[in-house]
Amino acid sequence: MTQGIKIVTIGGGSSYTPELVEGFIKRYHELPVRELWLVDIEAGKEKLEIVGNLAKRMIEKAGLPTKVHLTLDRRAALKDADFVTTQFRVGLLDARAKDERIPLSHGVLGQETNGPGGLFKGLRTIPIILDIVKDIKELCPDAWLINFTNPAGMVTEAVLRYTGHKKIVGLCNVPIGIEMGVAKLLDVDHSRIRIDFAGLNHMVYGLDVYVDGVSVKDKVIDLLSNPENSSFVKNIEGQGWEPEFIRALNVLTCPYHLYYYKKDEMLQKELKNFKEGTTRAEVVQKLEEELFELYKDPNLAIKPPQLEQRGGAYYSDAAVRLISSIYNDKRDIQPVNTINNGAIASIPYDSAVEVSCVITKEGPKPIINGDLPVAVRGLVQQIKSFERVGAEAAVTGNYDTALLAMTINPLVPSDKVGKAILDEMLEAHKEHLPNFFEKVEV
Amino acid sequence: MTQGIKIVTIGGGSSYTPELVEGFIKRYHELPVRELWLVDIEAGKEKLEIVGNLAKRMIEKAGLPTKVHLTLDRRAALKDADFVTTQFRVGLLDARAKDERIPLSHGVLGQETNGPGGLFKGLRTIPIILDIVKDIKELCPDAWLINFTNPAGMVTEAVLRYTGHKKIVGLCNVPIGIEMGVAKLLDVDHSRIRIDFAGLNHMVYGLDVYVDGVSVKDKVIDLLSNPENSSFVKNIEGQGWEPEFIRALNVLTCPYHLYYYKKDEMLQKELKNFKEGTTRAEVVQKLEEELFELYKDPNLAIKPPQLEQRGGAYYSDAAVRLISSIYNDKRDIQPVNTINNGAIASIPYDSAVEVSCVITKEGPKPIINGDLPVAVRGLVQQIKSFERVGAEAAVTGNYDTALLAMTINPLVPSDKVGKAILDEMLEAHKEHLPNFFEKVEV
Amino acid sequence: MTQGIKIVTIGGGSSYTPELVEGFIKRYHELPVRELWLVDIEAGKEKLEIVGNLAKRMIEKAGLPTKVHLTLDRRAALKDADFVTTQFRVGLLDARAKDERIPLSHGVLGQETNGPGGLFKGLRTIPIILDIVKDIKELCPDAWLINFTNPAGMVTEAVLRYTGHKKIVGLCNVPIGIEMGVAKLLDVDHSRIRIDFAGLNHMVYGLDVYVDGVSVKDKVIDLLSNPENSSFVKNIEGQGWEPEFIRALNVLTCPYHLYYYKKDEMLQKELKNFKEGTTRAEVVQKLEEELFELYKDPNLAIKPPQLEQRGGAYYSDAAVRLISSIYNDKRDIQPVNTINNGAIASIPYDSAVEVSCVITKEGPKPIINGDLPVAVRGLVQQIKSFERVGAEAAVTGNYDTALLAMTINPLVPSDKVGKAILDEMLEAHKEHLPNFFEKVEV
Amino acid sequence: MTQGIKIVTIGGGSSYTPELVEGFIKRYHELPVRELWLVDIEAGKEKLEIVGNLAKRMIEKAGLPTKVHLTLDRRAALKDADFVTTQFRVGLLDARAKDERIPLSHGVLGQETNGPGGLFKGLRTIPIILDIVKDIKELCPDAWLINFTNPAGMVTEAVLRYTGHKKIVGLCNVPIGIEMGVAKLLDVDHSRIRIDFAGLNHMVYGLDVYVDGVSVKDKVIDLLSNPENSSFVKNIEGQGWEPEFIRALNVLTCPYHLYYYKKDEMLQKELKNFKEGTTRAEVVQKLEEELFELYKDPNLAIKPPQLEQRGGAYYSDAAVRLISSIYNDKRDIQPVNTINNGAIASIPYDSAVEVSCVITKEGPKPIINGDLPVAVRGLVQQIKSFERVGAEAAVTGNYDTALLAMTINPLVPSDKVGKAILDEMLEAHKEHLPNFFEKVEV
């Protein structure tokens, strides 16, 4: 890393890229990126061009020496990289739409991470991530892989369990979103908030919350027991927790908990979207089209404010903050997905968890905050079982294992319904599931 | 125990008592019961008389010297007892009907053990069990408490966690029912079957199954993947597992797993029963009325065969077998509910589990069979969380804790629905929930 | 196993073999051995002939159809075996003499299991055991390997950790010796005693002891606190525990504990033997010579009573009892070395332990008896560290690892002394340590 | 803590106090100490006066508003304290001399922490610490107790296990000494070094070592395998590790490891000191006398440089750094003694460990660095067993338990020798062991 940093972003044509670029620009003083390689596949070539050119204009405007490379040749890009970020979407938003709509057509929540939809996102994504890891081991073995691609928990689990590669961090914007939400709720600056996060990706709890180092959990729980304050992250709205429930739970929830603790209400809402053609994928598809129109504007040289409506806010900040803390051995505390190693006693020692970590040059090191409360352990462990069986299905392409993962998911009401969804989704995603449709020996 | 054994059966007026008496008669040669005390409460006095007199006639016919005592004075009965069995039902079958019907009226399965119904059965039962344990500690501290009262897992957990009393064994007829079912399926005698059981009460799996010491699990799984064989225990019928699901699960299930892996189908079936007034409680109420009519017959001196339709088959055999193995230090293997102590790695060390144990004079000692398969850990742990929070609610009478237990139960779709069920059930069971309706300091 | 059992005994020329043969004769009614193959190496050919012919005479006298085969061809013998027992001694008693004498010449106890001597016995033995396991996997994959060869704990650990072969049981006569000793102490028949054993090979404790199922631990501890009763196993004598020490320890010890809790006194005693040429190896060498003279007598057709002075009493009984319980799926309780899997919480899950097990056709299944008392955990864990590092040294032939194993052994006073002993012993045992003296890739 | 901080130092008359005061002066800008209460007992009154007056002069010279209070009334001092530090020595250096000399007179290392000497220091100290905790709970329940008094591990264990008080941190200068030593060895500034510490007090290992965030462990191990570099902390000198041993151990040791991995050599050295009257206690006694002579000088208003020869270097820095990090919620990484909670998998979850922690306003939170290497687990666990049994003996005053703690210590060669040492030491320390010599109910 002597002469500046080489970053490789796989899925570089993503609409999120301008955020990432903005992050690199803002932190250039501490994180001198020499080369930024945006990598995409043939099908994403056009978007890559659009986004890549915007990235170049942004960097030029900022007056920085960072060189932006656009390429379809992943291996060429990876050579000697310092950090690799992955933010691709196999099958694009069309695939996400299927992930959401097919389960809903069976009366079941799709949920793009820890539900039937997430299972399929995992089945499509994991084989490619494993392929990337193989390349990394060969071409840039010292690089850190920073994965933003969902389901980030299942992906991290798969990499840890099936590749032996340890330099992976899974990153999610949910924890930072919770911090922002709490900051707003308490009307204090974000920098004064710290939360002890523990759990799994999209299944993470805040065990305690501090302002200037002093616990304010009781106050926050109290505020959250007021239904008006219950949901403070934009892209999933609930009706607020039952006050007695959140008080007894006595930890901060994340927005995705609504899918489990308010399953019925979420299902009703999403069935409505399903009928109206306004599922999240469909909404996002429109947003993306508009964004790319904006990105094309040769006069645009900043991240357009409209991107914030896309969801995924703070990803850029979280990602660049993480990379900078590793690069600079900052030893600050950030919540990421990494190997458990005893941080959460009720999760297997060698499994991926999402937990507050000290970020060092050696990577993230979980902080001990005690075990999860008894009341939440069961659900967390159920999602962990789902992640592990799902990861195994992705790696082996075994139909029975996939049905098992589907059926043990808490959103799926029975093996029969699970099978119906599985069969329809396998067919719908056929082209992106070679492990299931070609004979593969694993 | 020098001059024969003193047994105390709390809930002695139960329709099951004749089975128990039959069991004591059959095993008298190895288990010489000197005194059998049948204890009940004022409200059950008439039934106690009926059942007690049948018990006397049965013993007289068998020509045994066992003395049967009928009493409403529990403390007098407990004095110097060797074994105490508990099989009472707080609020009788009316309460069970409410446990089943109220959740169904909200579109939710009641399930008398690991569902909203089971929670309420626990809330009613646990304070009384804890009272009994207090008496045992004082009046017969060396006695073993053999509990058949459901929810047996939550009850065992509560006794272990809140009383420090260790001489408790929770007993269930589900494992023996599975053994019988497998024996029938394979057409071999029950005595040649052994199953490695592990899990929780009504959430127990058969990790392996042997005939004459040779594993036949693959064969049994194969047979179970034929839908016709899937359900081999009478009182809950399923439509059979999806073959690929049961193959991937690769362990034997218990009938109660239908509530989780076939939630939708079970719900449809029970909603039909709900509408037709044929929920299990209602069916059993009729059966019980008929049984008590039979029991009244002064010429009846055997267990009437009609009792077998009552469900709960093999309880007698299981119970007397357990008591005899403790008494005789038999060191044979039986599945019971006891403290985990590491037998199942993914369940807390100090929690109750249902697991194959060697039965010694010192009580049951779990056998190590390795951990639960990853795919089932999550659901088991979720029920364990439910049992622990439920037990805490029963002991404290705390409304918020009760709502938490309700909401984290996998059958309950949301905190809102959970609260509606909770409120209605609290009201319905008011007279049997003094912890919730009187000011109690715990 | 349809037509009778095939047993292969590696190290068949051992002086113990007549005991084993006697055991098979006594249990023929339940364990019909069709073929007994006694295998040895070229250097042991003469002894094999002597012992083998005695074995044939014994079986002939007993009128049994068992065929005894004597061979130097291990692979031929292993083909289709049902049970393989290993009782060989690499380098014979000369090697044992070095194991004992070299450390003593440096003022350090040798101890043939859990000391410097045991380390070298492990270094010589483990590569050969691993070789045998390789053959078993190929030639008789369903056979159980019953290992009597010391250090039985380190050997079992090595097989479990480095071969993945699970059908191994390590067997030791120390637990049965303790049972016999306790029976004598209490003046009751051995069959009425049961002890909850837990720990490691030659580092095993009796957590509780029962007569007819009733705990008599307090009485036994009380008797043991009388110095006259303290040592009840023949081949290691102590001066008795300090009464306050054994009371506070509050568990039964094994004779090998004298090496750790009475290190000084044991050292003085053995230094005396060292000077007088009466170390255990030297005494045994004489005994063996006498035994083989007896064995040669063509009129001898029984196990000569002099064998009992050899030490290793009850091995025969323990071994044949174990084989019979596996063969007959007896489900009785026996203490053996097997994989922990949570039976002892403070020992790693995947390590070998010596613990009371239910013996089934599927092999031994540990019984849960709770964790080891705090006071003994440390020493047990230290021996476990020694066993694991020792096993690694044996497999890799790495000098540094061997020095590490030597230095962390609680009998070795420093890295410097450890190195002196190591270097001298490596040289002395050179011919039996090919991993250390040839270039071997592992 | 609104108007500045109140610090209470129990054992305020210690010769270390000037270091502490210097630390407070240096960090006044970030840690505004308003009141410093130096507390001692009647017997220490004179020293308290001397040291206290020096402290006052030092603060005056620094021009700070901190008020120094000298008192024998502990309870008055504790009222509303923010931090309480404990650095007292029951029985003063005379007692330490006995701790060292009595075991040596039996040919056994005394070792003032994890040996027979440390056991007695624990027996004298723990009851008083527990008394202080009782006062803290009453008079300043929000205060943090920072304990420097040895044996810091046993003391922390006792407070955690027997008082339920969680706001205790045990502090030791060994880790900072290792950091300093490594910095010197590598010739880099201390601030650039970070070490992953894990283990127990005076039994702590450096699992990895970084310069500017890059691991240099291999280089450091290599340097340490050169005997000249082996010992880099002043007050215990070794002859250097055997190079192959330290390479295979592959972690950084602390100076106290010499007592276990070089037991013989340390014993020879200390026996020499014993004969010459130059045991550490005797040397320190002289140094202390000289120091107090210096302290008396009314012109002295700084920490005299001679204090550094006293040993215990960096204590001041470590202590004030820790207090400041808690006060300021700095979230930096420091090695301290705190509750394990899973940070080191092979140590019980609820035991005290010495481990790198993030220091927050909520106290220290251990960082996960993976488990201890197999080779060191045994010794660490043995010391943990010793600490726990020792703490129990201190609390109960039970003779048998004390003998058990003594005998299981790895420095003690047998129960017999242990008993001889125990009896002599109990007699020698009689006046400071009321739990053993008065009837006390615990």
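For the reader, a short list of remarks on this structure follows.
Lettered A, B, C and D in written order, each chain numbered from 1.
The working rule: a residue touches a chain if its C-beta (ideal position, glycine included) is under 8 Å from a C-beta of that chain, and two chains touch if they have at least 3 such contacts.
Molecules present, by chain and UniProt name: A, B, C, D = 6-phospho-beta-glucosidase.
Everything quoted here is computed from the prediction, not taken from an experiment.
Of the chain pairs listed in A-D, A-B or C-D, the one whose interface repeats that of B-C (more than half of its contact pairs identical by residue number) is A-D. Separating the centre of chain C (6-phospho-beta-glucosidase) from that of chain D (6-phospho-beta-glucosidase), both taken as means of CA atoms, is a distance of 44 Å. With centres set at the average Cα position, the gap from chain A (6-phospho-beta-glucosidase) to chain C (6-phospho-beta-glucosidase) is 54 Å. Residues of chain C (6-phospho-beta-glucosidase) in contact with two or more other chains: none.
Taken chain by chain, the contacts form a single closed ring in which each chain touches exactly two others. On the side of chain D (6-phospho-beta-glucosidase), the complex with chain C (6-phospho-beta-glucosidase) involves touching residues 239, 241-242, 244-245, 247-249, 261-265, 346, 348, 374-379, 381-386, 388-389, 398-401, 403-405, 407-408, 410, 413-419.
Residues 194, 208, 210, 212-215, 328-329, 331-333, 341-345, 349, 358, 360-362, 365-371 of chain B (6-phospho-beta-glucosidase) touch chain C (6-phospho-beta-glucosidase) in their complex.
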